[in-house]
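By written order: A, B, C and D. Residues from 1 in each chain.
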Amino acid sequence: MNMERTSTIKRDDGLWLLERMRLVRQTSQRIAKLYPTNVMETPVHLCIGQEAVAAGVCRHLGAVDKLFLGHRTHGPALCKGLPLEKLMAELYGRTTGCSHAFGGSMHLIDVEHGLPGSSAIVGGSIALGTGAALAAQMTGQPFVGVSWFGDAATNAGVFYESMNFAALRRLPVLFVCEDNGWSNVMPKSAHSAHDITSVAAQFMPTSCADGTDVLSVYDLAGAALRSIRAGEGPRFLHCKTKRWMKHQGPDACDLPDNGIDRERDCPIRKLEAFLAKAGLAQANEFSALEARIEKQIDAAIRFAETSPFPSTDLLEV
Amino acid sequence: MNMERTSTIKRDDGLWLLERMRLVRQTSQRIAKLYPTNVMETPVHLCIGQEAVAAGVCRHLGAVDKLFLGHRTHGPALCKGLPLEKLMAELYGRTTGCSHAFGGSMHLIDVEHGLPGSSAIVGGSIALGTGAALAAQMTGQPFVGVSWFGDAATNAGVFYESMNFAALRRLPVLFVCEDNGWSNVMPKSAHSAHDITSVAAQFMPTSCADGTDVLSVYDLAGAALRSIRAGEGPRFLHCKTKRWMKHQGPDACDLPDNGIDRERDCPIRKLEAFLAKAGLAQANEFSALEARIEKQIDAAIRFAETSPFPSTDLLEV
Amino acid sequence: MPWSKFDSNHEAPKGDRTLTYCQAIREAIDQAMCHDPRVFCIGLDADDKFGVFGSMSDLTHRERVIGTPISENAMTGVALGAALSGLRPVHVHLRNDFLLVAMDQIVNYVAKWEDMFDRQVRVPLVIRSIIGRGWGCGAQHSQSLHGLFAQIPGLKVVMPSTPYDAKGLFFEAVKDDSPVLFLEHRWLYKNTGDVPTGIYTLPFGKANRLHEGGSLTVVAPSLAAMHCLVACEQHGLDVDLIDPRTIKPLDLPTIVASVQKTRRLLVVDYDFPFGGFGAEVCARVTEAAFAHLDAPPQRISFPDRGMPASGPLERAYYQTPDRLAAAMRTILEGGCVPVGAANELSTR
Amino acid sequence: MPWSKFDSNHEAPKGDRTLTYCQAIREAIDQAMCHDPRVFCIGLDADDKFGVFGSMSDLTHRERVIGTPISENAMTGVALGAALSGLRPVHVHLRNDFLLVAMDQIVNYVAKWEDMFDRQVRVPLVIRSIIGRGWGCGAQHSQSLHGLFAQIPGLKVVMPSTPYDAKGLFFEAVKDDSPVLFLEHRWLYKNTGDVPTGIYTLPFGKANRLHEGGSLTVVAPSLAAMHCLVACEQHGLDVDLIDPRTIKPLDLPTIVASVQKTRRLLVVDYDFPFGGFGAEVCARVTEAAFAHLDAPPQRISFPDRGMPASGPLERAYYQTPDRLAAAMRTILEGGCVPVGAANELSTR
């Protein structure tokens, strides 16, 4: 387990990671602010605090790579390339939403950007990324499958079944466990008797990233994906991160044993500090980025608000 | 992993083990002989070659302990205490069968002897032994649950889900993997990317017995059960054994890579040699036992043959 | 046996206080656990501070509430194993969509265990599950799957619509020596009604007439029953409204007697349209009362597609009392509701 | 697209050679795989020497036959993931009872994926499964679960009864861009019939009249259709026997037209009695042809309990052509078959 920051990141990678993390953060904050006004009739599982995992992994994925998500979708979907306005319109229930208003927050899709859908039944989508990898292997096409899930999804049998099959066939699939330590209000100690990585290691090579440090995720995801693309079979990437919000909805997490220090644990602050220290970017760029993203969010919300609701004829033959 | 024979077995234990193994062997052989005559209208999964696992584990179980089986039932059921004539009558489809002619070969029950049923859907019964252990723990009753399954059942998600829950709650359950290396004609290398024991070891203490050597099974099952009964939580017992017959039916296994030497690998011969060498029993006792069991089988078949078929009124209200 | 004195044909007197549907269930669970130490609760998030939408808050015997990981299939087997070892588990699921994860255990194991061994062992297992809907939850979190389970021999399917029924039927479920699927609708949780303070049981297979009328029999379980009641009351419809309470076993005699009087039948079933409860009631009433029918039995159900997420689509997908009233009026005037068309959606 | 020239309204000419049902399916799989490199087969024991009861022996493209561990749930998700990545999987299960292990994936995932995303992606996935019965296999290995799956929007349910139908419907299933459940009955595997040598498709939702008659319409899929045909032929019954071929979509017009002629309906459905296909046909025919019915539609199905193992019990549990003939004769003489009673078995 390597928690050391070994990254030799380039400026454009660093700025991409920062921009995506900020996009996820600021979008989530805006959703949290607007949510109580009931403009979004759909449950939301926010990613504040967990941005590093989405950005760090997705920096290494292309549009051809197929990413399958669970219920906590916004962060990885935005980092994979889902346009912000299509996310917003979906949350607003409009036809211009990525799922044409049929999916809601938990069911996002963007075929063009390699997001063939996401699922709200915990665990099952782990098998779908494995299946995409089987298709890649059988057709010889150069894409990988990515299965994305939380710590508690490792309690579902489908997780093991998928890992076993991926390992048996040496499939080009990356298993990403976004471990925030919670299943709703149940701590990991109550839902898992095992150490997640050690179990996965029985099936394939694993690595453990600090999921609050985007460079740690970036480095280890990069290494894992290089090995997968080289035909060396599946990989498991464990990212220990922190969930700042309640499981669902717009409120901050109120669990007493949450152990979060919003200064220390903020992936955005961490990266900004690194970039500044390494001389790769300056403080004024950070605030300019923040402002630019706020505008982008304003525009996306305007887009969503002014988009039409679906016609209910869709339900009739 | 201790494959050494450390046993300090007593004569009565040794003879019990021999008698049960012979009962399973000779019964299976008789079934194989009769089966082509169609007197038993039910699929049979014979246990020839695997007798050591059933006898070695069940020697440590009392009638209060609850054993849940899969499809390969005859051996462990007989060793747990199911009367032979009730097994035979069930195979013959008679009302005097242990399941009153409703279950057939794969669904045996004997409430009195702690056999609350068995199941033909591979994997699922692993959860039932775990549930029995939960009942023992919640009520403070001094029994253990035993989940019995083959190597390929470890591919089913329910196996992991059950181990995780058992470990989380430190349940008094013994997981027995009767590993014959095959899932029908699929070798273990094709169905399991993992080493079974190493995966189980992520959840609980494990031990590996030589499943063709009843004393190895006896020793390790005894140790595991003592620890479970002492309140130390679940245990996993891996028994590597050999299936001499085809997966189902009366024929000898014809798989080219089967690697069986019926002299070397016979659990009955092994025990007889040990007992003789240790001076615990003599050769003439062995042949007397064999003859006695043949008579027992004759009687059980007579019982089955002369028992009534069920009335089909049972199906009407 | 703790439950033998509760005769299931006993209709308890109406209580002198009002509880919500949720409180009635909570009280039933609490009393059942106090009354019978073999009763325990198990399920994902069963033991957390939300108490399964409040239905398990502040139970007296917390030590008999077992939280589980996200392992619904094995946990159903665990409950079955415990039921076979002398306990009476109540396994709870926050959404009935999750029951599909446990389908092997429910259908191949729980439902069949007694039959496979000619009832030498019994399976006193209650599976509680909550039916959700709406607020953009989408197709995987908004189903009502009672029709699936009713097909399976060995399962009883209970769908209380009122606080009084919920409490009485829950005791009957816990008292039952065989598996019972107890389906609660989330949208009924805040409804209130008279509930007796003590333990009482309501028999399975005994329907309840919610509204009396002479021109149309409407059969509707769970939330649909309440919506139909509102429709009848607000629109003054001459409808005999029958809530089956348990869809399996089904109280066919009460339904048939009503149809013999009204000569018309409508089944309102909040489930997919093909097969299921609605089809069964129509088929059996036709069989039993063919000569008394003035018109073919009609059905109202969901469209034949997964639930959409967006508010306007949801509001179109699900019925409302007003739309139900309009449909009933159409039938009362001799017309038909166009349910058949919906069945063919899947052929697109 | 490889399949576009196969017009599904095209009825291929009868072939000049005879194949078994098993051979017809094998040939269809082989030709589909040769014709379209996106088609591949996956499943537990799909690649072993038994070749799924011979239905996949000696395929040309062995490299596209993938064996799997006993992990039916995840493997269904794997097939779905592959279908979403440009392939056309055929996932095979040796017994349809095992589909219950994969129910979450089949119902919550496969069936819903297109609906959840408004058909921006398609799911060209065929799930093949074999229905078994008999020889003491017991309640977990002898079910016929088509009625469960027909309830679920997003699944088509195909049940061929003849070699000709099996081959033609298989191509239609592989050609379909949406999920298809293809259910083969093990007891039909040795039946023989004319089968064209090339590729041809039979449309879904188009029934087949197996026997012509004027006094009773019998609707029966799969093995039940063949049993009814034997009954009609051996006993010279004046029965219009309709094999729906696909139970969803359902060819209601053909059935209704027949009932308008015969004025009586019997559905023979080898499945549990509550809800399901039998109930749906009865309910919809009653709706569509009420004025033409001289008697209420009748049903014959399994008893409402799990399958027993013993030979005599099995032989009582399952129908035979002779018993079916007797039942048809009863109806032809104006009587009723006592199916209703069986529905209540579960209330014991």
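Keep this in mind: a contact is a pair of C-beta atoms (placed from the backbone, for glycine too) under 8 Å apart; a residue touches a chain by one contact, two chains touch by 3 or more.
From a predicted model like this one, the values you see are computed outputs, not experimental measurements.
**Q** Among the chains, which is located farthest from chain D on the basis of C-alpha centroids?
**A** Most remote chain from chain D, centroid-wise, comes out as A.
**Q** Approximately how many whole Å separate the CA-defined centres of chain B and chain D?
**A** The mean C-alpha positions of chain B and chain D differ by 38 Å.
**Q** Using the average of all C-alpha atoms in each chain as its centre, how far is it in Å between chain A and chain B?
**A** Roughly 46 Å separates the two chain centres.
**Q** What whole-number Å value describes the gap between the mean CA coordinates of chain C and chain D?
**A** Here chain C and chain D have centroids separated by 30 Å.
**Q** Residues of chain D that contact two or more other chains, please.
**A** 69, 71, 73-74, 97, 100-101, 104, 108, 115-116, 138-140, 303, 305, 308-309, 344-345
**Q** Which positions in chain B touch two or more other chains at once?
**A** 99, 101-103, 107, 119, 121, 155-158, 161, 164-165, 168, 190-192 - these are the residues of chain B that touch more than one other chain.
**Q** Taking touching chains as linked, do they make an open path (line), a single closed cycle (ring), a hub with spokes (star), an all-linked set (complete), or other?
**A** complete
**Q** Name, in rising order, each residue of chain A that touches chain B in their complex.
**A** Those residues of chain A that touch chain B are 155-161, 163-165, 167-168, 190-195, 198-199, 202-204.
**Q** Show which residues of chain C lie in contact with chain A when the two form their complex.
**A** That would be residues 45, 48-50, 67, 69-71, 73-74, 97-98, 100-101, 135-141, 303, 305, 308-317, 341-342, 344-345, 348 of chain C.
**Q** Going by the contact rule at the top, pick out the chain D residues touching chain A in the complex.
**A** The contact residues of chain D facing chain A are 40, 64, 66, 68-69, 71, 73-87, 104-105, 108-109, 113, 115-118, 120-121.
**Q** Which residues of chain A touch chain D in their complex?
**A** Per the stated touch rule, the residues are 66, 68, 99-103, 107, 109, 111, 116-117, 119, 121, 124-136, 138-139, 141, 143, 145, 157-158, 161-162, 164-165, 168-169.
**Q** Going by the contact rule set out above, which residues of chain A touch chain C in the complex?
**A** Residues of chain A touching chain C: 40-43, 93-94, 97, 99, 101-107, 119-123, 152-153, 155-157, 183-186, 190-192, 309-310, 312, 314-317.
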